[in-house]
Every structure is written in structure tokens, then in C-alpha cells.
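Letters A, B, C and D mark the chains in the order given here, with residues in each chain numbered from 1 onward.
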């Protein structure tokens, strides 16, 4: 692995937004690897930690906007888990900023690109890989 | 069963030029479990599908990996194709190499494309068939609330041949239309008669719901009628429990002899024979407590027009914003002004004081920019539009969230108009917010449509996707507490063991339970931990 | 049930610092239910430890396992093969479980990854409250089923203390309910308020002899 | 004669799509007729208005529904098509449909984009679909295409890997048999040019709400395309094309979209000052109360609608409005003025009304049989869905679409 950004994308929102970005020719960093999930609430802490273990530079969890989750709490839980993972990573000496959660809707490709770019910039600052 | 995988790469008519297909094909060919790698130009079209079909059949593979466009375009199609070939559609794993790879980047992206296919390959290895079976549903509906809404739904359902139990808390049917008769006309009696006559409608009055268990198609409902306890099963439940209105004495100087009345009381007065001493000046006031309700505007406009017509009084309305965003209300507003009703609009709350039997309203009108003082013989006060009695208790009993004002149905656009987070439980009419008659009728038809779709076929398809390993389950109740759709429950596995069980019909496939389970006992096929971790490891391995 | 909390990470890292291969043992009973030592938490801690080690340029091999009840010798025995292959054992079970593990595998160092904190029950999703101090002299019969020894911040036997806040909250921690207000209301509901007038002499904390032991009649 | 159980839905906007899905899921065969090349309607050009929380505009409900419709086996989509004649009645309508030539077959086009690369004209005659378009296929602009103008160009056809391009396509007419018809033709956005004093179309920084929606949708944020600058001072003017002498109704959507857009502008650029000029704020509706309360702190609300918009120095515009309490006309300069244009009946409504034998109401929307029952019309077997019956927001249009489908199924079930 060479400093990839692993993004867990909710199939109701972020995954669709990622598709829309591609259709519109909005480019994003090539090191992005999308894993499709049925809801951001499916993403478990162990998935985030394993991604870091496998050498990811960063992990993104992308879910629906606050108040838009079809399962009411999926995105809220995901955010809590991301915050918790940040803490768990800090405990073992890894910068917690390598994990982040963003909310966006299916029709927001610009927001998707913005989130990925923001993370990519952050990685440049923190150094690729750990 | 030994995994035997076929990989199909599609170059979208040769247009994905920044991917070196022969090269990644070569990389994939020698992988374990891979029987073949095919490169196609148009997998989604007839020709491509034909070639794919024959390959799947001749090579007798049991996992299919397709690298092509977004699942949005091809997933459904390919799943149908697999089903036709008697392969379980869950044995399909996709790599989105068009929208999320070729189109998303400039320059050569072969390495990324290969990574995406490898992720799909490693996931495919772990996929298992997902079984589908048909389950019978109870062709009977419980309608809670015997007002206009509840009666109308029962009548509509009875026309479809769906048996309905109409439950009302009061001793008679009719609900709020009893009070608002002036505005609804004589159809009330006719409606009650029709409901009573309908053979497929059973009426239970003076009763309330004390428990709801089970799932869509098979709800067990506990009903209390006096001392009698009734246990019944229904396929779906419709709540039409309406609203209540309230004029709080603390908000207005209401005391005996002072003529401040509620809008409902006005409606009743207008029903009665015209009084000898007609009020000369009448003031209406709203937007004091709740600026986000359409109800006071409607009641005021209807009331003001009726007063003009019946009593010929001078009518003044004090408000902040006239809520005209319902059909026909702007016309009503214009008519009121044409009839001589005067509207004052305030930004700061007016003061209301009682002086003997007359009421004084002092306000600063923002359009005139002047202070207005009005002494009225009668003031019709704003009624707060509130959830009906028992809404809070029932919502916690049902595990259904209410909105910020305490009405049923969470503010989430995904569950509008009549649904809730629990499949098979619906909310219609003013119990989910102030809708007005036009929107209430739309709700009624909407819920009938949903129930028709659900119950008319007699069976529903159950897809066995989220499963609890009862051996691993420690019965910690976490999944039951977190499931947003109330799909998890505790069941007795054998004489010793209790474990959680996910009802596939109630489940909406979010996977929250699988993520929180402390014993890792819940498997969401297609998105299981192993399948997600396999993708992460595939990225790591490259 | 027994409630435990994971130890601070630094402490755990130090304990296993000398070892390259460690068994991380969870338990599927109390600590699984309180989200501390089930299979999920075993996975998380294992991952964290690997990350910690590799972040310092080292490597650690962690064998993950959970048993149904780590306090049972027979159940712990299942892990023998795994234990044989490691240098040390890190346990996520309660104190009883950790000791069972240490007793069964006497030749291996066994470390605790959790602090066993109290006997309690779940209050809702992810919240556990202490309910029982295992004092060995239960008198819940007199207090409406509410134990003032653990649920009152001062452990007062003849309460309340006089500092109860408005709304029945505790003087020490305004977020917590005053146990004696709860007791009063409960007894009132049952028509047993007379119990409030009774005086209870100081409690005999020697009711349980240390080390505690219970022998049931093996009928 | 036997009752035909298929149903024709005219209009592929959010209401029509919802009706079609509801009918198809209920077991009916549906023909969805859309005049444009793609279904989706007006909502397809709206943007997501979420700030740190979802603002409940419901626009994102469209993409998922669109792909559901596209893949539903019971729904046939006829794009580029209009209804030109209807005969028969309930249970047995014959619907004449005219389909304009498409030149690219949506069934074959895989949207690979190779045709665009070789198209020699500028701007390109062959164009990609918008990201959420259904069907997701390319289209040819007749006025640009050399081949359709009679020249010998054949480039696109040569490279098309799926033979999707067919210049020989002609106008096609067909007759559909259906038991019932649902009319969901939607609305026209009010043409702000009709209000001369607001100078829309003359000054580049006077936009409509729809323009603003499109800017956010296409660019993700608000900046002037000419200089890339972000406006610092923005005004919204409500009730443009609603509640005036020609429009005796409230458009129901403008207050909400204006407040949501205003909030989005402030969220993206917190130092932007936003003013909303209004008559009566329509703040009722589920989930809007809390949202409005928050907005009151960050947005300036002024009662009264401005009289005039004039040019001002340094690329700004001057808004003249009445200061009621002071009793004089105020002038204030803004970087951007947004006209909250309302919902107007479709200009061609009367044509369709004539074809179907329906009545139009006072305001120009399709009329219903009786007040309150907003889906049934004077013609038995023809139902209304969505904003063609009167202004509706997206949730109301969805609910209305479901209702229309229900009534259609009910009436067909009754006539054996």
C-alpha cells in the first residue's frame, strides 16, 4: 500500500455523489479507494483500525447529511465511531486527524470532491503513510 | 464448495482508454480460484450479455466478478441475469472502474483499476448465497383513531376488501369533525353511518392500544377496552389519532365575564341561532405562541368570513404572517379583505388587557408604522395546535420518534409522506403535523396505496440477509436497543439459550446492529466484517 | 453482572512490552455484555496494539480468542494450544477470569487489560450503573430494593444526608439521583414508609470473610 | 369491452415518477411519457441545500427514484414524446403519442463519450447527459449537427461502439391503450422578465431562485462566473410571480427555498450579509420551525417587497424599498439580488387540457372535480399529480403522486 485514502461510502449518498463526480469529470486524488457500505452506520471501529494497520494514509467515512439518514441514526453513530477511533489512534501514537467523517447528500458531487481533497491536503501535511 | 470465479472486464466500448485492460487481465488471470478473465466491450448490451451467459455456463463458475460502470447502471441487470442462470444473485461482486476510476482521474489509472478489481475479487471469495422466501401476511389492518381520517381510510380499505378494525378512544366515532361541523357540513353523520354499515369494518370504541409487538404483516396488538383485554394480529397499523387544540388561561386574561373565546368555541357559537346582541367588534389574534402552524390562519379566515356573513360585525385580525401556503388560502385571505376584514401585522407581541366585558388589544402595526389600539366586544384567541393526548406514551411504546414539536413521525425526508421508521406502521393526517384538509386527503390515499401494495398480494418476499449466529450471541440486547427499525428481538433458541433474532421483513438493511454487536454475532451478508476487511486487505496487499 | 473498563493504553503497552507473541483473551459473559471484553473489543485492542508496536518500528503477533466464561477452568482449558504458542497472555475478562487464566496456565505471565470496577446493570444503550457492593449482608428488603450503600455517594445507611438537591438529586453529583429520595418514593408507593423511621446500626463489613467462599449444598 | 389495466403517466417529474413507481409496484404496466430527452423534471436542476445539517429540501430524493424507474421492468419510458390525442374513456383510453426523433437510441448508448471526441462542431452537436439523467444517454442538437443540416459528416457514427446513432430516426407516432391517465406535467417557473422594474435579464447580478439553484448544483458554491468573486451582500425578494394581481395564489415553495438558500450562502461564506424582503413568511410545515428559528439570527428579514432594482457602481445593484416606519423610500446596494420566482401553470396547459377534455382553473392550473379532492378531474379516469394541479413542494408532490396512483388503481379495480 502506498498512502491510500480509504473511504467508506454510504450507498445512499456518498457513493452516488462519487459516481456523479466522475460523470461530471470532477477529478479527485488517485489514491482514493472507495468501499461501498449500505449505511455509514455499518462502518465499525475495527474497519477503521484495520485500514490503518494495512497502511492507509487516511480513512474517510462518508455518510448522509445530519437528519437525512434513512436509518435515522446511522450517520450519527458513524461520527461517534470516527471520534472514538481518533482517540484509539491517538492512544497508540497515531495522529487522529488521519480519520475523518464527512456528511453529504447524493446530489452533492462537489462536496464529495471537497471532502476527499481536504483529506488529501491534510495527508500532505501529516506525511503519507505512517 | 470450491470457489470458482469468472472475471469480466468491460472497457465500455473501448472508451476507457486510461486503463490497460490486457495488462490488468494478465495480472488477474493467475490468481487463486480464478477460472478465467474476459475482456468485453459492452457487457451491458445484448451481445455482451450473451457472451457472458455462455462463459458462465460452460465454465460452470460460482462467483462472478464484473469490473464495469457504476452499480447504478448494471447491478440490477446482472443480478437478474445470474438468477436466470440459477446462480444466486448475491454471488456477484462489482468493481466500479468507470465512474470512480477511469472518469475520476486523468492519465493512466491501470494500477487503481487493478486494485479495485482485486478488492472485488477478494470480497467475491467470501460471498454466500442469500435465500429468498415468501411469507404470508395477515390481510387485516388496524386503524387507530375514529375521526375523519380514520373513518375515511377504513372505508377506502373496505372497498379493497381489506378487513379493518377501527379503534376509537372516545365512546363515539367522529373525532374533531364533531366540533368543527360548521366547516365540514353534514357529511359527518353519513360517514359514521357508512362505517357502521360496512361489513369489513369492525368498530371498537372506548379502547386504547397498550402494546404492539411483531413485524410488518404480523403485528400482535394489545388493546384495552375498559377492563377487557383484547389480543389481535394485523398486517399493518395506521395511526390517525389527530391533534388537540388549547387556549391556555395563562396566555390570555381569561376570566369570567370577559369575552375571550377559542376558535372552536366560535365555531360552536356560529352554529347556534344568531344571538340578539351581536358582538359589534371582534378581534382575532394569532402568531403569539406558534409561528409555524397553518391551523390558526385557516381557522381565523374561516371564522372571520362566517362572522361577517352571520353577524355583520366589524372584524380585525392581528397576526405576524398570514400562512397562505395551502391551496385556496390566498383566495380566502383576499375574500376576507374584500368583505372588510382588517389585518394588522405585528413584529412585537401585542398586549391584551381586559376591561370589564371588553378586551383591549394594543399592537404596533409594522405596515402602518403606527400603534393600534382596539377595544373589542369579543376576542377570538389563538389556539395552540398540539399533539393529541397520549402521543408521547404511544410513540415510546411503538419505538417511533416524534418531531421537534412532539407530533408523530421524525423529520426525515426519507419517511415522508405517511411512513415511519417501522415498516407497516403508518401515520396520517394531523397527528403528524398540521396539514389542512387537502393534505389530509392526500395522506389517506397515500396510505391506502401503501397498504394495497403490501397486503393485496397476500405474501411478501423475505430476503435472508442479516443473520444472528445464536451460538455467538450473548443476549446483551444491544442490537435490540440500537435497531432504528425495531427489527431485532430476543427469541428462545432452545430450552436453555435465548438469543437475538433479526426479523428480515422489518429490517431495512443498515447494518448498525452488525457494527455494534460486542460478540460479533451478527452477519450482514454482502457487507460482513470478513467481506469488508477482505477489501481493506486487498488494498494493503498491493 | 460484572462491569469492567479497559485499562489506560500506556499501561497495557508497558505490560506486554517485552513480548513478541501474545494471546489476547476475551470473555463472552459479563465483559462482552458491557462492551469491554467481547470479540469486538478483542479485535479493537489487538489492532491497536499492533499499530502501537509498528508505529515504533516493531512487530507483535497477537492471537485473538474469546471463551464463553473465562472464570471457568474447563472453558479456559480450550485455549491451551493457543497459550502454548505465545509468550504471554493479556486478558480482557474480569478479575475472576484473569485469575482463572493465571491459575490454569501457571507457567505463562497473565496480564489484565481491564480494571474490574463494579457489579451493575445496564441503564440503556452503552450505560451501566453500579448497583451492588457485594457486602455480604443484603438489606434491600428494608430499602425498597434500592441499595444506599452503593447508590448513595456517601453510602449512608440511615439517609438522606440533608444535602439533597431540588428534584431529588445528589449533593455530591447533581447528575445522579439521591438514593434516599428513590427509596422514599419507592416505599411510599408500596405503603411501607414506616421503614423510613427505623434506625439501622452500622453495617457489619465482616459478613464476608476474605477471601470469600461460597459452598452450596451439593444435593 | 375489457378494461385495460395499463396506465399512462404524462410527465416525468418527481410527481409523475412517484406515480409511475407506485403503480408499477402495485402491479400495473406504466407508460411514462416525457417531453424532454430525460426524465427528472424541474427538481433535476435543483441543488442540495444542506449546511451542517440537512435542510429537508427533499431534492436528493430524486436520483434514487430516477434509477428505480429506469430499471423497473413494468415501466416503459418514452422520452422526447408528447400526447397529441386521446379518445375513449375510463378503462379504455387510446392515447396518441408523438415521439420526436432522438438520433441516439437510449437502449444502445452506453455513454462512453467517444462520439463527443470526434464531433467536429463547436459547440459540440453531440452532448453528454447531466449526471443524474435517466436514461443516461447522449443527445444530438439538431441545430448544430452537420449531418442533420445536410452535410456528409459521419464521424460519431463511425466511432460509436454500439451502433447507437441513427440519423434516419423520424418522428414516430404510436397509440397506447390504457385504462387510466395520470397528468403530471408540472409547472413553469415564473418568467421574472415579466416584472420590468426588477430588471431581470438586464443586470447580471439579478438572478432568480432557479438560477441560484443551478449555480450551486453545477459549481457547488456561489461565485460570479465572470470574476470568480463571492458576493458579500445578498438580497432575496419574495413573491415574484406569486400573490400579485395576476397570481391569486401562494407558490408555497419560495419562502422555504429562499431561506434555505440564504442559509447555505451564509454557511459557505459566514461574512455574507443576507436580507430577505417578504410579504408574509410561510414558515409552516414539518421540520421547518426549528430551522427558521435558527435563521432569524443570521438573516435580516424586511417586511415589504422592493419597488425597483437599478444599476449601481462597482458591479452592484441598488434596491429601492419602502421604509414603512420612517415613511420614506430607502436605497441599498447589493452584490446580488435573487428573485424568488414562483410556480406558474405551464404555458401549454390549455393545449393538453383540450386534448384530454379537462378544465383549467382560474389560475391556469388543471381543475379538480371538487374542492379538497385534488387528484380527480372532470374526466373520469384522468387524474392529476403534482404541481400541474397547483403549487406544491417536493414532499407534497410525492404525496400527491402516490394519491393519484392510488385513485387510478382504485377506479380500475372497480371497473371489471
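Quick note on the criterion: contacts are C-beta pairs under 8 Å (C-beta built on N, C-alpha and C of every residue); 3 or more make two chains touch, one makes a residue touch a chain.
The structure displayed is predicted, hence computed values, not measured ones.
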Chain pair with more C-beta contacts, B-D versus B-C: B-D
Per-chain Cα centre nearest the global Cα centre, belonging to chain: B
Where chain B and chain C are represented by their mean Cα positions, the distance between them in whole Å: 42
Chain B and chain D, separation of their C-alpha mean positions in angstrom: 24
Rounded Å distance between chain A and chain D, as computed from the means of their C-alpha atoms: 33
Length of the line joining the C-alpha centres of chain A and chain C, rounded to whole Å: 35
Contacts with 2+ other chains: residues of chain C: 40, 43
Per-residue multi-chain contacts in chain B, two or more chains: 72, 411, 413-414, 482
Contacts with two or more other chains, residues of chain A listed in rising order: 16, 19, 23, 44, 46, 50, 53, 67-68
Overall pattern in which the protein chains touch one another (line/ring/star/complete/other): other
Touching residues (chain side chain C, partner chain A) in the complex: 9-10, 13, 40, 43-44, 47-52, 54-56
List of chain D residues in touch with chain B within their complex: 22, 25-27, 54, 56-58, 60-61, 67, 71, 108, 110-114, 136, 160-162, 243, 248-250, 252, 255, 280-290, 292, 303-304, 324-327, 371-375, 390, 395-396, 398-400, 402-407, 409-410, 413-414
Residue ranges of chain C in contact with chain B within the complex: 28-29, 32-33, 35, 38-41, 43, 66, 122, 124-125
Contact set on chain A toward chain D in their complex: 12-13, 16, 19-20, 23-24, 64-68, 103-111, 113-114
Chain A residues within the chain B interface of the complex: 1, 4, 6, 16, 18-19, 21-23, 25-28, 30, 32-39, 41-44, 46-47, 50-51, 53-56, 67-74, 77, 81
